[in-house]
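Structure provided below as structure tokens; questions to follow.
As written, the chain order gives the labels A, B, C and D, with residue 1 at the start of each chain.
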Amino acid sequence: MTAEFTVNLRSPDVSVGTATAMKAVFVRDLKIALRQPQDLLNPLLFFVMVVTLFPLGVSPEVSFLEQAGSGILWVAALLSVLLSLDHLYRHDFDDGTLEQLVLQPQPLFLLVLAKSMAHWVLTGLPLVLLAPVLGVMVHLQGNSVAVLCLTLLIGTPVLSLIGSIGAALTLGLRAAGVLLSLLIIPLYIPVLIFGTGTVMAASEGAPVAGQLALMGAFLVLALTLAPFASAAALRISLSNS
Amino acid sequence: MSEPLLQAVNLECERDDRVLFRDLSFSILPGTLIRVEGPNGSGKTTLLRILAGLNDSYSGDLLWRGQRRDGYREDFLRNMLYLGHRPGIKPLLTPIENLRALMAGRRSVPDKVLWQALEGTGLGGFQAVPCHSLSAGQQRRVALARLLIADEPLWILDEVFTAIDIHGVAALEKLLIERVENGGAIVVTTHHDLRLPAMQRVTLGGGDGYDR
Amino acid sequence: MAFDSFGAFIVMEGHGPYVWACYFMFFLLMGALALWSLRQRRSVFAQQRRRMNSAPARDQSPAGASFTRIEPSHD
Amino acid sequence: MWQIFHKLGSPKWFFGIASTLMPWLLWVGLALMVAGIGWGLAFAPQDYLQGNSYRIIFIHVPSAFLAQSVYMMMAVAGLVTLVWRMKLADVFVKAVAPVGAVLTFLALFTGAVWGKPTWGTWWIWDARLTSMLILLFLYFGVIALGAAISDEKSSARAVAVLVLVGVVNIPIIKYSVEWWNTLHQPATFKLTEKPSMPAEMWVPLLLSVLGLYLIFGWLTCLRMQTEILVREGRTRWVKELVQAGGN
């Protein structure tokens, strides 16, 4: 009694292209974030507050701040990115959007890349824009401020990309926030070292093109490898839920 | 007989030292509706997630149109629609934005059609209201609106009738029947007493879950 | 022998405490690790044995739920 | 070929092999360590620069060496877990991670204590010590993630991803820490790197490295067996083994 059916399978050409799908993911994340501007502001406030702690806690002397300024700003930026990572996949995981993302026919690592880029635009980029103001407050000299912003501009996307791996791995776990920091901080160290080292070299008048190129290489490496790891981690975390 | 879309061959899944099911084999044919049954905790949702490709801690084989699914993942995903417990609705977006975002990775659909689909699920007038001000049932209806426009031949629906009122359930049943009559293949779990003409059953939780 | 006497060996020209502290720590931790691993293994064996002795007692039929209210007594 | 591979993946087969190997690993390893350390402590000549404090080298270098190679081994096992889903590979990672962490800690501790007579301070931010510290963090991360995920298979694969990400990062971390070190304090003189080490020094060093490797092998077999017993507790061969009164 089984009837004969002709199945109309969906052919690849009617499907949505990868670029379109990536753009949709990116736009949706931006849209959601802009509907809740307070969440965007929090990492920035955190950034400013951590920077304030150092003159208060260590020393407000110009000589100290000149020396330590680039490090302080980089550490504060790193921490505030770290703080925002927990939300990268959490809400999507809780409301089921992530399942639908994983089940899209486009390559998952590219969709993950789109999400990481959205995360950078929402957290890293504002930090870069705010950095000059804080740079002046910690008495960085003219040229150093520009170099600092440049290193942050190259470095913060790396933080978002690597962080996305940790966020994906710790998805759905208890105490995910602390665990996430534990996993990710060691991986952030090279970026931190080159970020601050470049600014310090610049303040001593040394050429920095080489270091910047190296940071660029980090970015390229993170762009090519991190999305694969994140995608694998997301599949694993969803499989477990 | 039509060629099966998805075939499960000797599926076995173990979770926390407990075998949920073993030697589970069945075929999902076009034009049929399969209801996965079993008591709470028998692994209905897990089975559906395995079929959908979300959970891969199982042994056994899954064949997509006769081939091992792992090699045809993209083709499989393009032709499968999955709705889970969690409907995939963003509270901060409006129903129309949500539907647009969910369809964005699958098929380009004009806004007018999306708007009509939402109307078809009883959300007329709510299309531009943020979802967090809608009720749980209304939020699920946003996700169900996809069923009105989906052209994927295989649907995997976990607890579709949850939080839907009586009239909604009747309409949804009608939708599923029509879909099956037109050659769609549907796998559902539901606690709702579903009686459809061409329904097959896969029953889990035979009680031998502990031994090995 | 690089030292003239046992005393000299222990003192190591003043570097003794550093050297011996390192060796002490090394053997302490490696020994503890080995001991811990051995005990872990032994306890797993004991646990398996205990479970096997009580294994058939496991109830395999799902308990029927009645959802009967339980009234607390008031005396 | 494929058969051998499958056999290698069988926990039962491994359990048997490990049982026969373990006494050898333990006793030969201990003998080598005692020989190496005894020779190094009592008979090897003094270092002309550092005096007797250099005798820490005979445990510092084996620990540091092994600490790094354990992570590499874990990465290989992680790759095997992800690609071939071999259970044994994950058992290896789980069993070995705490051992690697302890060895890393020992390398750090001995390095720090060595630093006191050499540099006059317990801790300096020397490139090697700093890289070791970061390696310790990586180990902690692996252990913590493995413990946080209860599902065995997910835990195995998540840890594998983390270890692989870590192994890609290790050379970058090493390179950047070395660069950072030259930026802040030009290296005055390094531990362990000597222009030419006389045979009376490097032979005992080699012995203790080999010895520690074998002891590590024994510990690994032991811990993997335990892990296998836990996981395969319901299979017939484990039940028989337990009944036969193994310990």
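Quick note on the criterion: a contact is a pair of C-beta atoms (placed from the backbone, for glycine too) under 8 Å apart; a residue touches a chain by one contact, two chains touch by 3 or more.
Just so it is clear, the structure is predicted and the values come from calculations on it, not from any experiment.
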Comparing centres built from CA atoms, which chain ends up most distant from subunit D?
-> B
Chain nearest the global centroid, as defined over all protein CA atoms shown | A
Result of counting contacting C-beta pairs for C-D and B-D, higher pair = C-D
Distance from the CA centroid of subunit B to that of subunit C, rounded to the nearest Å?
-> 47
Centre-to-centre distance between subunit D and subunit C (centres being mean Cα positions), rounded to whole Å | 20
Could you put a whole-Å number on the gap between the CA centroids of subunit A and subunit C?
-> 40
Which subunit D residues reach two or more other chains?
-> 151, 153-154
Of all residues in subunit C, which are in touch with two or more distinct other chains?
-> none
Pull out every residue in subunit A that's touching 2 or more other chains.
-> 239-240
Per the touch rule above, subunit D residues touching subunit A in the complex are 82, 134, 137-138, 140-141, 144-145, 148-149, 151, 153-154, 157-158, 161-162, 164-166, 168-169, 172-173, 175-177, 179-180, 183
Complex interface listing, subunit A residues touching subunit D | 162, 165, 169-170, 173-175, 179, 182-183, 185-187, 189-190, 193-194, 197, 200-201, 218, 225, 229, 232-233, 236-237, 239-240
Quick one: which bits of subunit B touch subunit D in the complex? Just the residue numbers, please.
-> 15-17, 57, 212
Mind pulling up the subunit D residues that touch subunit B in the complex?
-> 150-151, 153-154, 234-235
Inside the complex, what are the residues of subunit A that reach subunit B?
-> 2-10, 12, 14-16, 20-21, 24-25, 28, 31-32, 35-36, 91, 94-97, 99-106, 111, 235, 238-240
